[in-house]
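Down below are the structures I want you to see.
The following pair of complexes shares a single chain, chain A, combined with chain B in the former and chain C in the latter.
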Partner chain A sequence: MQVTSMNFTVESWNQQTVVVHVGKALDFRNASDFKAACQEQVRAGVRNFVLDFSETGILDSTGLGSIFSLYRQVSPLDGQVVFAAVSRPVQVVVQLTRTYKVFRQFPSLDAAREAVK
Partner chain B sequence: MTPLAISNVNPARRHFGDLERVIDEVHALFDHWENSGIFSPAFDEDKVQLMKLAIHEWLANLVQHAHFGSRIPEIRMDVTPNGKRVRCVIVDNSDGFDLGAYLTEKRAALPVLPERGMGLLMLDAATEYMNYHRDDDGCHRLEFSVSADQDPWLNIPF
Partner chain C sequence: MAQHSILVVEDEHTLRRLLEYRLSKLYRVRTAANGEEALERVKEELPDLVVSDIMMPRMDGFALQAELQKQRETRAIPFIFLTAKADESSRLKGRRTGVDDYITKPFDIDALLTRIERLLERTALFQTQLDARIGQDFSKKLMPKALPTVEGYSSHFFNNPKEHGGGDLFDWTEPEPGTYYITIGDVMGKGLQAKFYAFSFLGYVRSTLHGMLRETRSPALLMQRVNQVLMDDPTMEETFASLLLVRWEPAKNELTYANAGHCRPLIVSPSKAEVVPYSDIILGLDPMAEFTDTTLQLSPECAFVTYTDGLLEQEMEGGAQLGEGGLMDLIPGVYREAQPIDRMLEQILAKSTLPEFADDILVFWLERQALRERQAPRWFSPFSDQADRKV
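And now, the complex of A and B:
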């Protein structure tokens, strides 16, 4: 099932896992929409979030902060947040902030699907 | 400053007068500049992205937090490639603020996995040199450079 929430498409993989297709940008202009979309999923029982950055040209500090917020929400529930198909602009943010120490990265959605079961 | 005027002197100079559009316009400009090859091969794609991120964070701060009083917001941006370095100057007609004090405060009090407050720290970390001051005409000027020789990082508490 796919649910499009503002700029984000949320695709359910199973009862506990969704992939969020982030789209062109996750920044100060839409970070609150991202948080709301993810919180709705958490309330529905989702614990694992795969963030698809394949088309993402902008990830800024506010966007990253919204991902931190999601991580703080699901990690006490044994959930996880992982990155997949990370684009170059997103990789630059990941490198600058060393957030690869927090979020596992996978080269593709298929690889993420295999790892996050 | 005249909004949306384009200088013939520097191909990487622009004026912006619409805060609603400035972020998208700057990203589109960078795409155009990258495709036009204005950056040296020594300043690779990652460094171009880093420069773009630094500019984005500053503009995002202006859009969200700057006070312009009764003035129409105006922003002028100069990007000057110079081999392994790219220099950027962003001038705006906002009231300005004490950037040094802000950065000192944020560095000392950044919480674990922060949701806000990282933007200007990311800008500071990404830049080799940064200076912010008030010009004689009352506008505020941010100058910074990004170097291809840097491997910058921001220490975020995890």
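And now, the complex of A and C:
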């Protein structure tokens, strides 16, 4: 099975907050692009990242690593990284690594928007 | 693979925009209007290739190239000069300072694209060969040369590091006679970088172990220390790792482990497989993270099986990954095999959509053998339990 869409999109909610629609996969193939895109946002002043995993079928350890880098970058700046609409495959990885202790999860983007703003 | 990034340095606005427009169809493009700005861009992120004008205000192309030559990490970036000066003198000057290529204005954009592609290919080829050599070297250092040999136990190990695989690691040590510490982990990321970090990380684990064993025998406390060391070291800032640290005392048939977000080990017997459930957060995220020890007894004819995530992520018929459940269904069936790991991997591949494993595979199988007494014909032995009872 080939994953055709490797894309993620960044949507701005306000000056400090963006939502990243992660798309079908975040793995070794696009993790460095993801990292670069997030770094650009941080440079532009964004502190809060809502990651939308509603469509995500693949999250491997390289992809997860890029999310961790983002977390370590924004947490000293009082920023946060939260997960929204976490799909089953992503949930498995989050459970395995016990990272739910660090990343707050919300059932939907709306719920995340309420909490983060 | 991520798109190549190209830095375009050109003072003339129109040409700069044109180049940005044409090149951005194929590459990630950043621009600068002179050498000084270009150095700023390079500082932000190293480009894979620089296309630069020569005549520019503030800092010209030659000065820029000379600056890049001074730094170790920028010295090898391929460089293409664009210039209106078709005269021989600047051409020669360019050659002397080690320019990789040279295009004279007015130029054909397709010719420029061809040269960019050729230079990138050459660099990539060189890099791949270098990576493969260093990667193999690291992979060897991340794996044990031998396994512990203990009466009443047998152990098996399988590892198949890929050139572009990740940072799987495995190590064991016997710091005092009869007590073993087993380390299995996965440093996040892919390729040479992951292997390099895994190598540094394993160094931390080893030194923490040896340094702290006088104070504590607790895998949880050792884990806490490794996490702190990892978080305090700025060069390891981008390093995240899952790690399982096990203290094994064969005389007591006891295993005590702490698990930092690593794949959960299994206890396997010929009839069933069970998950060893407890684990804590992965290393490198939370400086205050605490870990917990869990102790378990290994019964005769049971194996403690640990592995890294490449195994579970293998895609199976129907499109789903193997997963913990899939592994548990299959593993008791290979228990009595002489080479249980090999048989297990064969069976997984037989039901996979792929002919081989997509990622690195690492499995360690530690088995407590059946009790010897039961295999012996006891009724002939005057010292056996039964004989005692008869008397």
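Assume the second predicted complex is superposed on the first by the 111 of 117 C-alpha atoms of A that agree within 3 Å, B and C clash if a C-alpha of one lies under 4 Å from a C-alpha of the other, contacts with A are read in each partner's own complex, and residues count from 1 in each chain.
The working rule: a contact is a pair of C-beta atoms (placed from the backbone, for glycine too) under 8 Å apart; a residue touches a chain by one contact, two chains touch by 3 or more.
Computed from a predicted model, the values in this text were never measured in an experiment.
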item	value
Chain A as common anchor, with chain B and chain C clashing or fitting	clash
Partner chain(s) touched by A:60 [first = chain B, second = chain C, both, neither]	both
Partner chain in contact with A:30 - chain B first, chain C second, else both or neither	second
Contacts of A:88 with chain B and chain C, given as first, second, both or neither	first
Superposition clash, chain C against chain B - the stretch among 58-66, 346-354 or 382-390 that is involved	346-354
Touching both chain C and chain B, counted on chain A across the two superposed complexes	28-29, 60-62, 64-65, 68-69, 71-72, 89, 92, 96-99, 101-102
Residues on chain A engaged by chain B in the complex (per definition of touch)	27-29, 57-58, 60-62, 64-66, 68-69, 71-72, 88-89, 91-93, 95-99, 101-102
Residues of chain B defined as touching chain A within the complex	23, 27, 45-46, 49-50, 52-53, 56-57, 60, 63-64, 113-116, 118-119, 121-122, 125-126, 152-156, 158
Touching residues (chain side chain A, partner chain C) in the complex	1, 28-30, 32-33, 36, 60-62, 64-65, 68-69, 71-72, 89, 92, 96-99, 101-102
Touching residues on chain C, where the partner in the complex is chain A	1-3, 28, 45, 166, 186, 188-190, 194, 237-238, 240, 242, 260-261, 263-264, 279-282, 284-286, 309, 313, 315, 319, 321, 323, 353
